[in-house]
Structure formats: C-alpha cells, structure tokens
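Two complexes follow with subunit A in common, the first pairing it with subunit B and the second with subunit C.
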Partner chain A sequence: MQREAKKLKVGIFDFTDCEGCQVKLVSLRERLLALLERVEIVNWRLGQEKNRMDRFDLVLIEGCPITQDEIDLLKLLRERSTHLIGFGTCATMGGIPAIMDQKERAKWYNKIYGPQYKPRGIDSLPLTSYVKVDFLIHGCPVDENEIVRVMEELLSGKKPAYRGYSVCFQCKLAGNPCRLINGKPCLGPVTQGGCGAICVSGGSPCYGCFGIRDTAQIEGLLDILKGMADKEEIERYFTMFLRYTKEYNEIVRPFMERENG
Partner chain B sequence: MIKNYKMEPVIERNSIPSLLKILSSDYSIIAPQERNGEVVFDDLKDPECLVLGYKVTILPPKKYLFPPEEILFTYSGKGVRTPSITSKKLLIFGLSLRDLEAITQLDEIMSTPHPDYFYWKRRSRSILVGVTDESVHAPPGGDLILERMDDELYRAIPLTQAGKKIVKGRFFKKQDILPHKGEGNQVMEELRKLLLDPETLAEAVKWSRAEGHPVWEELGKRCIGCGICTYVCPICHCFSMENSVSLDGSTCTRCRKWDACTLPGFARIAGGYDHHPSQKKRYYNWYYHKFVRGYKEYGKSQCVACGRCQTYCPARIDIEKELLGIVKDYREACG
Partner chain C sequence: MAKRISESLITKIEGHGSLHVDWEGRKAKLHVVEGERLFEGILVGRTAEEVHWITPRICGVCPIAHNLASVKAVEDALGIIPNPTTVLLRRLMMTGQMIQSHVLHLFFLALPDYIGLDRATELAEKDPKAFGRALRLKEVSDEIAFCIAGRNVHPTTTTIGGFHKIPDKSSLQRLLRMLEKTSPDASWTARLFTSLPYPELDADLELLSLKGDGYSIYDGDTISSSRNDDTSVKGYKEAIEEEVREYSTAKFGSYRKREIMVGALARIAINGKGLGQKARKFAKSLDLNNPFHNNLAQAIEILHFHEEAIMLIEKLIEEGMDGTVVRPSINPPLKGIGAVEAPRGGLYHEVHLREDGKVTYANIITPTVQNLTSIEKSSQTLLDSNPAASKEELKRLMEMLVRAYDPCLTCSVH
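Our next item is the complex of A and B:
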C-alpha cells in the first residue's frame, strides 16, 4: 500500500504591511491548489476562518514587526517553527514601513495626536533584527514564480538558493534600453534577479526590492551613479529598501561619507 | 576586352516585405525591428516593420538557437521526456555579416567535441539570411546574403541549397552587376584588425595576466558584474543547470540557463570553493576564454567585434581600447 506523505504544517502570518504579498500568494490560483495537496495550512488569518497555534514545519511571515505584540509573536513563531521564512520586502528588509524617520515621526505624533499620545510602534526593522530567519523571499511585492520556486525546493527537501544573477539578465531579455547608459540611476546590476525586471520594463528605476545580489560590485555602481545623481538622490535610492542591509551600512554609507570628505 | 560585370540575382528593396510574406507560409520569420528606440530581433508579424541598415541589436540572434532558458528534459514516473519542437522552421532574416560569422563560430563550438543536441535541434531547422551594406568578399556563413548595391537594389549571394531555393523565387531577377564598393563597418575597426592576428592577441592577454598588468586591477574595480557583456555577446555560450521538482511532486525538470563568468556562482564548486573569488578574476576570465582559450582550442578569438559588449556595458568599459592597450604594452615589452 502506498503511504500518503505527511503534509507539511504551514502557518502564514502578517505584521505591519499592505498585505500585497499575500495577494500574490492567492493569485497563484491553480498552483496554490496544487500546493495545498502537499501542505496543510493550519494558520492563515487572511485565508481561512479556523486557525490554530501549533508547531509549524514552515512559517511564512509577511510584513514588518513594529509593535511589541508583533515582536513577541515573531519570537514565539521562531520557537515553534522548523523553517521560518521572510515573505516580501517588509519582512526581509523592513520595506516601506522602514522608510520612516524616527525624529520626524515623534514631531508629527505630537502635532497630530497631541503630547498625551503613546505610540505603539517601537521601530521598523526586518525580521532578522529579532530572530534567525532561514530564507528570505524578497520582493515588493514577491514574484509568483519565485514563491513557487522556493516552495518546490522546500518540498523536495532542498535548501532554497538565492538567484546568482542580477536584474540585468531579465532586463536585457525584455529588450529594455539600459537606464544607466542613458544617465538614469538604477540599482538593477547589484540587485538579485528573478523579478522579471518588471519595474524597468514599466519605465521605473530598480530600487533593489529583491535584495542585494551575492558579491554585488556596489562600489563600482556607486562610481557610475555619482556621475549622474547627487548625494541625496543616491542616498534615496539605497534607502528605499536597502537601508538595513549589511552592504548599505558597510559600503554605501562609508562611500558617501568619503565623497562628502 | 574583358567583361567586368556579370549577370547575378538581385532583389529590389521594395520587394523584400513581399518576399518575407511569401516565406512566412513555410517559416517562422525572425527579423530586426524597433522596440523602445532599440533594435531587437523578434517575430516579424508585419513585414513592413522590418528594419534594415541598423547598427546593432541588443541581444544577438543566438537566443533563437541557444535560448536564455531551455528545458532539456523532464522526468516523471513514465520516464524521461525531451520537449520537441513542433513549430515551423525558423528563418532569421537581416543578420549582419558579423552575426553570421558568430553563428559560424557557434556551430563549430557546439559541435566540439560532441554535437550539442539541444543547439542542433534548433539550428538544423533554421535558415539564416544576412543583409548588409558592406561589400561581401568572403561570405562568413549563412544560407543567403543580400548585399546592398544602392538604395533600391540588393545583390543576392546564395550559399546553400536552401539559399538557392529562395533566390529562385519570383522576386529575384538576373541583372548585370557593376563592380561596386560597399560601405565599411566602423564598429570596433581597430579590434577587427587585431582579430586578424589571434595569436598575438592570445599571447598579449596571457602575458598581461602573468605580468600583473595594472589594467586587470582597474577593470576589476570598474566592472559591476551585471553579466550584460556575456548576455549580449553573439558567441558567449556558457550556461548553468537548474533542476526542479514540480509543486505536486510528480515531475522533475532540468533547465539550462545562460550564465555569465562575471557572476559569483560561475566558478564556485560543491563545498563552496570559488575558483574566481574576486571580480578581477571573474572579469579576466571573460577575456581569457575569448582570446586565450578560444585561440588555443579553435585557432581564433571568440569575438567578431560586433560592438555589443561595449555598447551595452553600464560601466562603459571600452573593451576595444583596453585590448589595444594590452597589445601595445605587450609588443613594447616583448618586442
């Protein structure tokens, strides 16, 4: 008799964010149904009514942990899960919530809500600032094919791997004119590929939401960027999604400080 | 008196779209067209959109013979399956002489030491038609070359049976051809001259590395490792393999994908050891393969001076200038 493989127990949680990455999960449609043949979703607030807190084989976390409750839940989920995966750029790098400026925020709280207001938000840091995370599915939003790829690797018992190429691969395949050659800033060459170069194809720059590619030549790109943008603009590009990356703090910031000289 | 002209097949510029329309009943036609201000090879839906006399396309036509991503085979409980090509034969129209030469080189590379089944699966079902403003002295490859005589007329140079068959069609007529001088090709003219002496080029590049020429340190810093020079090269042919198991667990797939030696995974092996741990080493490898290894294995550089790597390098590395510099220094140092 053929033994039915044990279904993986999955939990999908979300912290502060727009929930757009979960929409991407739903938009897998038939592929989501195929996935449900292999996994049991035991907790998904957005997707089902009955949820329970169990032990999880796999937890996907969308969003940025901002309040104490979210941070506590994150730590609890880490304890109860075998694989914990950041799902989307808010979870993996802080994303849009992390653009906030602490000082400005205090000023506006005071102005809008008055001095009595007690803010619930503590900080906006990526998951990795609080717990060990096993894999990061970057993207604002995540890409459907990347979700499937990572799930396929996990289900077949492999360790998921990051893409070893830049956004430029798919950008060239799409036949886009190169922004950098045309004097317009772009972080595509240092950004992990897999997004389909969707932003550049649509006329926008790449801001690096897919995370920095392995061994990216950031100083080389900075040398190119400084010929076409001022310091503030370069700073804006790198702080849209990448301000909590090691590369931003260890390479971009010192480079900008040297440039200020 | 010696007759200095001869009867040759010609086609009028205006008849080319009609010719393509007729050929499209037998072939899927790929031809250069304009997209977002760039010229790219794409399916030719409307023959009037054909662009001739262009400088260079972003991606070379190799993408139709060696696709950027290609499933090699799938495995399920029922055994191994290789995807078959069911579409019509391919006719790639409007190739430049340098792109034809590149495909001639790729044909050789993909035949050695064993024929690359997947490349030849496509290549053997394709017809190549070059179109050029230059004078054709020694046809570099392809089935048919149309050489521009003037704004209205192209001389047809059939090179294979398939090319001859096309020229028999009603859009071609025989006409006296006066000797004429076509336009030159100014793209990478100096590198083109260097390529005539691939031995010196190979020796010079090898020497520059062995002698620790400062150019590699500098280029290693400037190269941003995006991989573009490799993707746009009409001869670069390195790939990596990706294996996957479908979501339902029923099918395994092996896919090959263009790789680039300027990228981190290229020379990294099991266990994590990296043969090219720095960008300097990765970048040098691109030159090494083209000019040193290419010469050693095939007696020529794996470069046709099409100019793409230079045109599309975001770091604006002037590859021709760098190579000229290396050869000059080599000649001075080694006489």
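Our next item is the complex of A and C:
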C-alpha cells in the first residue's frame, strides 16, 4: 500500500490535433504497460472512462490549444500540475495548424464554413504562448524511444535534457546520402536529433519538427539554402513547423526581409 | 431547455464531442467541439509534393489513408498512372492502416464496453493472453506501415508517381513471417467479436462504400449505396453534401440528402463478395441494420486484411518490384480527385493546381463527417425504441453506440 501511494499521478490531455502522438504512446505496447505500472493515470480521455481532475505530478499535453475552452483548461492544468510537458509538435510549436496565422485563419473560416458560422477557434499557438511549460517532447509525431527516455528521466526525478546533436548526426549513422550536398533543401543541420532521421531515411526532407537545436548555425544554413531554393521555398520549409520559434522570428524572418530588399 | 447528458466529453473516441439529450422532448444531438484547423486553407499556396505530407496530419489514426488520398488526387491532376508495383505497395500500406486502426478501436476503445472494463489495460491483468494477441496484431500492422510507408504514423516514403524508396525483398520476407505467425490472432479476433453481446437496434441503415474490383479500398471508382443508388467518384461533391450546424465545429454529411453510414459494416454490405475465404465465413452473422455490428465488421476486416497482406507480399516477391517514379503527363488537367476507403469509410480529397505546381484549391470530405448525421439518427432511434429505460442506461447505451461508429472527430473537423 505504501508503495502504491507513492505512484506519480499522471494526466494525459489532448487539445486540437491529429492524436497521432497518443497513437505513438499506444504503439509502445509492452513498454507502455511497464510505464503504466510505475504511475497512476488519473485522467486520460482517450484511454479510460473514469477520469478525475485532481492535482497532477505530471501532465502530458498533446495538441494545439485552439479554442477558448482549451486555453482555459491549459491554464487550469498549469495550476494543478507540478510538471507540465508538451507532447508533440502541435503542443510544443503549434504544429501544422500553426502554418496559418490569425489573420489568414479569419479568411478561411469564412470560405470553409460560410459567413453565418461563429468560429470556436481563437488562434493556433503553442502551449508556451499561454503558460510556462517544463519540457517539450517535440516531434510530428513524437518518437517512441524519445517518449521512453524522457519518461524514465522524469520518473527517476531528473530534469530531462534536450538532445545536444542535430538530425544530421543520426542521418549519417543511418547511411543516408546528404540532401544538401545533392542540392535538395533540408533543415536537418539546425534541428534537434532524437528522431533517428526517419523522414530523410524515407526519402522526405527534414522540416524541423523536433525543434531548433541549441547553438544551431541558422545563418549558415540559410546561405546554403539560398543556393538551391528561392525565397518562397525557404519560407515554406521554415513555416511547416517552426513559425513560432524564436529563431524563425529573430533570424529567418529578418533574413527573408533583407533578401527582399 | 436541453439538459446535458454529461458535462464531460465522450471518452474513448478519437477527438472531442459530447451527446446532448433533451430528455423532455426526447431529442439527441451530437456536439463536436474540436478546434478548427482549416486544412483546406493550409494547403492553398503549398506545393503538390507537400499535400500528402500535410494531410496525414489531419488524423494520426488513419494518416496512410489521407496520405494516399492526396497522392491519388495530385496524380489525377497531373495525369499520372503509377506502375503496378506502386499500386501493390500502396494496397499493402492500406492493409496495415486498416489493421492498425481497427485494432486500436476494437481493443483499446470499444472492447471495454462489452466486457465491463474501464480501460483496455485492465485486460492486460485479467487476460494477458488475449491482450498479448491484440498487441501482436498492433505490432504486425505497425511493421507493415514501417516497412512500406517508412513510419507507423505519418508516412515518409510516398511521393507523387510512386515511392521515394521501396522495401527490399528480405524486409518483405520478414514481414511475411510475422504475418504468418499472427494469423491465429486475426482469426481469434473475428471469433471473439462474433461472440460479444451486441445491443439490439434496428436503425434502418443505408450503407455507402466505394466499389471497384474485389474488396476494393484503394481503387474503387464508384460510390455505391445499399439502396442501389450509385454515383461515380467524379460526382462525389454533388452527391455528398456537407451542412454547417451551429452546435458543431464538424459539418454534417448526407448522400443525396439522406443519412448514410460508412465504414466497415458498409464495406462488407457492398463488397462482401470480395472478402477473403476465412473472413467470408464470419460475415454471415452480421446484422446490416444494427450499427453496433460495425464492431464485428471491423473484426472481420482485420482477418480479411491480414489475409490480403500475405497475398500482396507473396505477389510482390514473386513478380519482382519496379521502383520507377512516373512523371507528370504533358498538358495534365491540373484538377484531380483521390478517393480511398479509410478505416472509417470513404475519404475524398480534391486538389486543383497551378501550372507551377502550387495548390489553388483543396476540398476534403472525411468518413466521420458522413457518419455524424447517421450517429444522431441512430441515437434518436435508440431513445425512441427504449421508452422504459432509465436515463443512466440510455446514456451508457448511447455512448456505446457513438463508439461503435468509431467516429474520428479529429478527422471530421480538419
């Protein structure tokens, strides 16, 4: 009984998104069961019928807080949780919904739903636009091994660390030919590793869904990209997932404006 | 005033919604409260090659279906006919997609209703052998997706005209061995779901599915109804209408202004003759007017697609593979439609391109949008046909009914 009482109380919540990161959680299979033995899931709408809104030791949030209800719930969860973790790129950076800003969204509500429709969405921003977030598990979708690594560190009382290397490191290990050397745009060099370079291994570019890594040489990459892609294309790469990062606003956007001028 | 059936959201479904019942007037409404992501706007201005990268993010439960619907729409717009290897590999991806999604729904979301559990992981303690079978099916379907699509969620290998990368023969042989080992688990699933006590409900369903050769989920070109009222896929937009309702962020769909049900039950009703030998035997026990039987139909499909995956891999190994990516034709129409049967039913993507390959228009109709009207109607039938049942009992049955449709509210508000 004593041991039971010490289990961490965990809540898993999802805002607006594709729920693919929760699918990844289920894909852990046996490892998920092992994880569940060490914690008490007190709230998981997708996984169970009985849910409580107590205090949480740990809250995982998937998805982008688009509606007012979601924004309110996010603030409440922040108050009630010791550790609040962003789970997947929609939560950590806004994800695919963040491709459009508030102004563009307003236009498309009208086109998609008609003029009579009263939108529920406010904007598509990451969790950090509203509350302090303790750690970001990036990824569109998150990677199974990264979930396990971060959870293990949290469960043993450590502060999880971000990966200190870029996607390129794992891309080399995977034996992939370099996209940039072959004249194809890629954001691997400035993106945090941990994904196993899975997109490049499949033949797709890296769009940076694991977030910008520490000490990334963004100007250097922009200079290389300039030689193989036009401004619009570079912009499309950086706005797939990274629009609301500090680096996009402080480095990429001014670079584009200079190029314009 | 309508009293809420529950302040809380319906659990164990994909996405956010709640059933609202006016108990005095005895009317049921399904409120979808998922935020709007506006994918049809997100796609405009993006390139043709980015479409199938972006649309899987509509739904993490059926990303392969969205990926291929987009690829097909763009190929239609560019006058591309992919080679036979590509088609076989895509069909194989779809078998993995179906098993992945159905296993998730049946074991993790629906089964607890029928055996009196709160959550699927309780099954791991109560019947570890059964839970092990569910996990093995999840694993083998994830492996199909990893091997062909590059990842279990959100494909990385697909491209317009073919694949960036195709698997080698030895990975296919490895998959084949895994599938052979899990065959008993697929048969067991069909038997288990045949034995469950489904609530009785005569919902007088009109069932709708894409139809082609055999049990066609990748290349059906006709939208076929159980009421013998068919439409060519080209006419999807006129036949399937979407209506905006003030209480929902998802639109409500109808087929020629009638409520229809799409998904596994509908596919077996329309394409049942094409089911594999093992699966066909189980189809006889289906009641095509009872939406709860959609769960049984999904279990039968797990068995069917498991058989089909083996058949497709054997064919690929035997015939050899051609990884050529087909280029766009000269003077392509630049407007295209891509339709597939996603796990939850017919999925339609339409894309218009400019000469430079940028998207000017996108339209997406998801299966759950088509099902929402039917979910409300069946909930109403459930209310009307059980006048003596308590509110508690009705609430339980109605949530179970919504779950049986396997709604993906995430998809419905895209």
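Everything below uses one rule, namely that the second predicted complex is superposed on the first by the 247 of 261 C-alpha atoms of A that agree within 3 Å, B and C clash if a C-alpha of one lies under 4 Å from a C-alpha of the other, contacts with A are read in each partner's own complex, and residues count from 1 in each chain.
Quick note on the criterion: contacts are C-beta pairs under 8 Å (C-beta built on N, C-alpha and C of every residue); 3 or more make two chains touch, one makes a residue touch a chain.
Computed from a predicted model, the values in this text were never measured in an experiment.
*Asks:* Mind checking the superposed model to see whether subunit B and subunit C fit together on subunit A or clash?
*Replies:* Here the two partners, once superposed via subunit A, fit next to each other without clashing.
*Asks:* Tell me which partner A:Gly202 touches in the superposition: subunit B (first), subunit C (second), both or neither.
*Replies:* Second partner only, subunit C.
*Asks:* Between subunit B and subunit C, whom does A:Gly94 touch in the aligned arrangement: first, second, both, or neither?
*Replies:* Touch partners of A:Gly94: none, neither subunit B nor subunit C.
*Asks:* Determine, under the contact definition given at the top, whether A:Ser27 touches first (subunit B), second (subunit C), both, or neither.
*Replies:* A:Ser27: touches subunit C, not subunit B.
*Asks:* With the two complexes superposed on chain A, say which partner A:Met151 touches: subunit B (first), subunit C (second), both, or neither.
*Replies:* It touches subunit B, and subunit C stays clear.
*Asks:* Which one hits more subunit A residues, subunit B or subunit C?
*Replies:* C
*Asks:* First (subunit B), second (subunit C), both or neither: which does A:Asp214 touch?
*Replies:* first
*Asks:* Rounded to the nearest 10 degrees, how wide is the angle at the Cα centre of subunit A between the Cα centres of subunit B and subunit C?
*Replies:* 110
*Asks:* So in the superposed three-chain picture, is A:Asp69 touching just subunit B, just subunit C, both, or none of them (first/second/both/neither)?
*Replies:* A:Asp69 sits against subunit C, while subunit B stays out of touch.
*Asks:* Minimum CA distance, subunit B versus subunit C, superposed model, integer angstrom?
*Replies:* Once the two complexes are overlaid, subunit B and subunit C approach no closer than 9 Å between C-alpha atoms.
*Asks:* Using the superposition on chain A as set up above, list the residues of subunit A that contact both subunit B and subunit C.
*Replies:* After superposing on chain A, no subunit A residue contacts both subunit B and subunit C.
*Asks:* Give the list of subunit A residues in touch with subunit B in this complex.
*Replies:* 5, 31, 34-35, 37-38, 148-149, 151-153, 155-156, 164-166, 168-169, 172-173, 175-178, 180-181, 186, 188-190, 213-217, 219-221, 223-224
*Asks:* Enumerate the contact residues on subunit A facing subunit C in the complex.
*Replies:* The contact residues of subunit A facing subunit C are 14-24, 26-27, 29-30, 32-33, 36, 44-51, 64-67, 69-70, 95-97, 99-100, 104-105, 107-109, 111-114, 116-121, 124, 140-141, 198-199, 201-204, 207, 236, 240.
*Asks:* Touching subunit A in the complex: which residues of subunit C?
*Replies:* For subunit C paired with subunit A, touching residues are 8-9, 11-16, 33-42, 46-47, 50, 53-54, 56-61, 63, 104, 108-109, 112, 118-121, 124, 135, 138-139, 142, 149-157, 159, 163-165, 244, 246, 249, 251, 410, 413.
*Asks:* Given the complex with subunit A, which residues does subunit B contribute to the contact?
*Replies:* The contact residues of subunit B facing subunit A are 35-38, 40, 42, 58-59, 63, 68, 221-228, 231-232, 240, 244-249, 258-260, 263-265, 279, 312, 314-316.
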